[in-house]
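Shared between the two complexes below is subunit A, which pairs with subunit B and subunit C, respectively.
And now, the complex of A and B:
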């Protein structure tokens, strides 16, 4: 008991390492997604699912460590929520990758999608920086602000994309459905990363 | 015939202290899973014992010798009625202070039987009841401010680790105070009336507290410990340590003060710092009413019973 109180924190350190790995996997998934989309490489795009599976394994390990007693109970719900949101981002990027294998993107919307994919990656990298700042005790505000700015930019592109989609002639139901779903998933990622950064702030202030 | 009554009453009150005050001391630590229940109870027992051995004497002297001249009849009536009132208030979940009930009962019974009551000592005790929660409020407020300027600047993981240690230290401090102040208030009259010697009482008393903790405290800890930690361990520490320090100061002066009321003062202090709207004044009003009513009720019942019986 005393050993854990005075010298402990090993299990907490392990959870922190795993959370960092979880976000790094997410960054890799976004990078893979972006590269595959720019190069129109459908084979590379399928490896996003592999990264999502890796992320799932890490998430389960984190949940199990927290169940074993890592962190004060007061912190646990917010840490779990943060990990769940990162996992949701994994699921959505995987869905977007799956839709991409069947979607037909014309030049009018391809550029916008590439911009969003690039900004999703930058947001995720910023989330990783924010997470590292949380651990080192630095101020998170600038990082979360940067994430919010990216999210706003993506929102602007999204509204533009929706207008373009509405103007587009759809010949088959599934063509329209797949394109609509692809855009929905692609633009939804930024909301999740913003939510995750908000939870980082909540975790940061919860013990102060 | 009446000789075992005060001893039995003391045992019952000590059981009540064990059942309720373990949560005051280590409820947060158990809720935060810093320490398991069984170990917490053993640690509580150890520090209650250390408290009564090292510093219990002063409070015992104030209550048992300086307040009024005690005889067996006064003691039997006062402690028996105190035990009944404490058990009823525990059952009804009212935050009644053991000190207030015992002092109220002893004074009521003493005045009714025509004994000399040291009103200066009584006034000092009543003043300490007023000052101690306010002192705890101020100390917790100051401590929270210091924590904001020091602990809060550290990285999260470090704060988490330091907070675990601090919560354990403050829990141990409250356990120490339970022995040095609360249990000393209960045992003071029986020791100074010569019913039991101080060394034996200092061994038996903590054992009854331990029994109460083992047999009856589990549910209280489950609700209070988890409830408080679900709120905020950071503020919880500031409130508990501020209260613990305040009780320790009053113990050094030999004044019997309530840990529970000091913790309430500490929580209010942290609440005031976080914003006046976070303080539930309705609840504080109810607690304040109990604070006034409990010693008066104990006084009146003991006064009436003593008048009828003697």
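And now, the complex of A and C:
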């Protein structure tokens, strides 16, 4: 049943390959973001936008194939939703990368941000593992739980960061706005990956 | 997987002369289960006060938390491990010593803490990652 409805024919296989590529691009975007942040390399950070554009192209191709009739109708909405959430994660990491070019991070905040960037990457890698497990018909529960563990850890750092931000003296409006937006985008990514993993689980259940 | 990957770097401290009530307040506010007890003097060693200490040594004995000092019920010395120790070793150490958390130290400095929940979560992540590679 799983193989017949999900893997289906040639067009479904092509979509699955593209969905995998879409997540791999997202992992690359997170890796680039993390490396650029650790090395304070603003030029490398700007290449996150290039990866986002690549991701956009893949998303459009996936959407076209689905509208052309790939997959059984009952699966299409959840597959589309999953792809859209992955794309939202692309948008948010791009927003964070754009803010990074103007943000000033002090040492108190820098370490926490680097840790979140690392965990965002690990979450995305786990999402890829979960996706491949779905294709091979394996149980997803452990993988989605691992994603939730990362999300909770990021949440804990986020609350700490917010406290630090509130205690920080802001001299210029834009300095505060950019820093606040950067932290918001950086900490919002994990929620999207968690949502995406929830949709994988929904697709998995709907295949039973 | 090494403890450095799963340890929690955020550690909350309390003065040894503070009351147990202060410790309760801090634990509830910060939603944590243990506090590192600061050094009293240069000869002193770090200690830890846990929810378990407070419940069994103060509340369970009907003592007034306002009248008991942290240093009176804190456990000393800390059980510490190196940051590159494996999770498997930490589990054995926790089981053998019957403790729920170990501290990660380097040259006398406390870097972080690893509790049972961190070990459980870290082991699951390791299982998923290694299972996938295998």
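Quick note on the criterion: the second predicted complex is superposed on the first by the 200 of 208 C-alpha atoms of A that agree within 3 Å, B and C clash if a C-alpha of one lies under 4 Å from a C-alpha of the other, contacts with A are read in each partner's own complex, and residues count from 1 in each chain.
Going forward, a contact is a pair of C-beta atoms (placed from the backbone, for glycine too) under 8 Å apart; a residue touches a chain by one contact, two chains touch by 3 or more.
Everything numeric in this text was worked out from a predicted model, so none of it was measured.
Once the two complexes are laid over each other on the shared chain, residue contacts for A:156 go to subunit C alone; subunit B is not touched. Look at A:121: by the touch rule set out above, it reaches neither subunit B nor subunit C. In the superposed pair of complexes, A:143 makes contact with subunit C only, with no contact to subunit B.
Contact with subunit B, but none with subunit C, is seen for A:134 once the two complexes are overlaid on the shared chain. Residue contacts after overlaying the shared chain place A:62 against neither subunit B nor subunit C. Judged by the number of subunit A residues each one touches, B leads among subunit B and subunit C.
When both complexes are overlaid on chain A, the residue A:12 reaches subunit B alone and has no touch with subunit C. Note for the complex: subunit C touches subunit A at residues 10, 121, 124-125, 127-129, 132. If you check the complex, the residues on subunit A that touch subunit C are 122, 126, 129, 132-133, 142-143, 145-146, 149-150, 156, 160. Contact residues on subunit B toward subunit A in their complex (touch as defined above): 31-36, 39, 148, 151-161, 163-165, 168, 226, 229-230, 232-234.
Listing the residues of subunit A that touch subunit B in their complex gives 1-2, 4-6, 8-9, 12-13, 16, 69, 71-75, 134-137, 203-204, 206-208.
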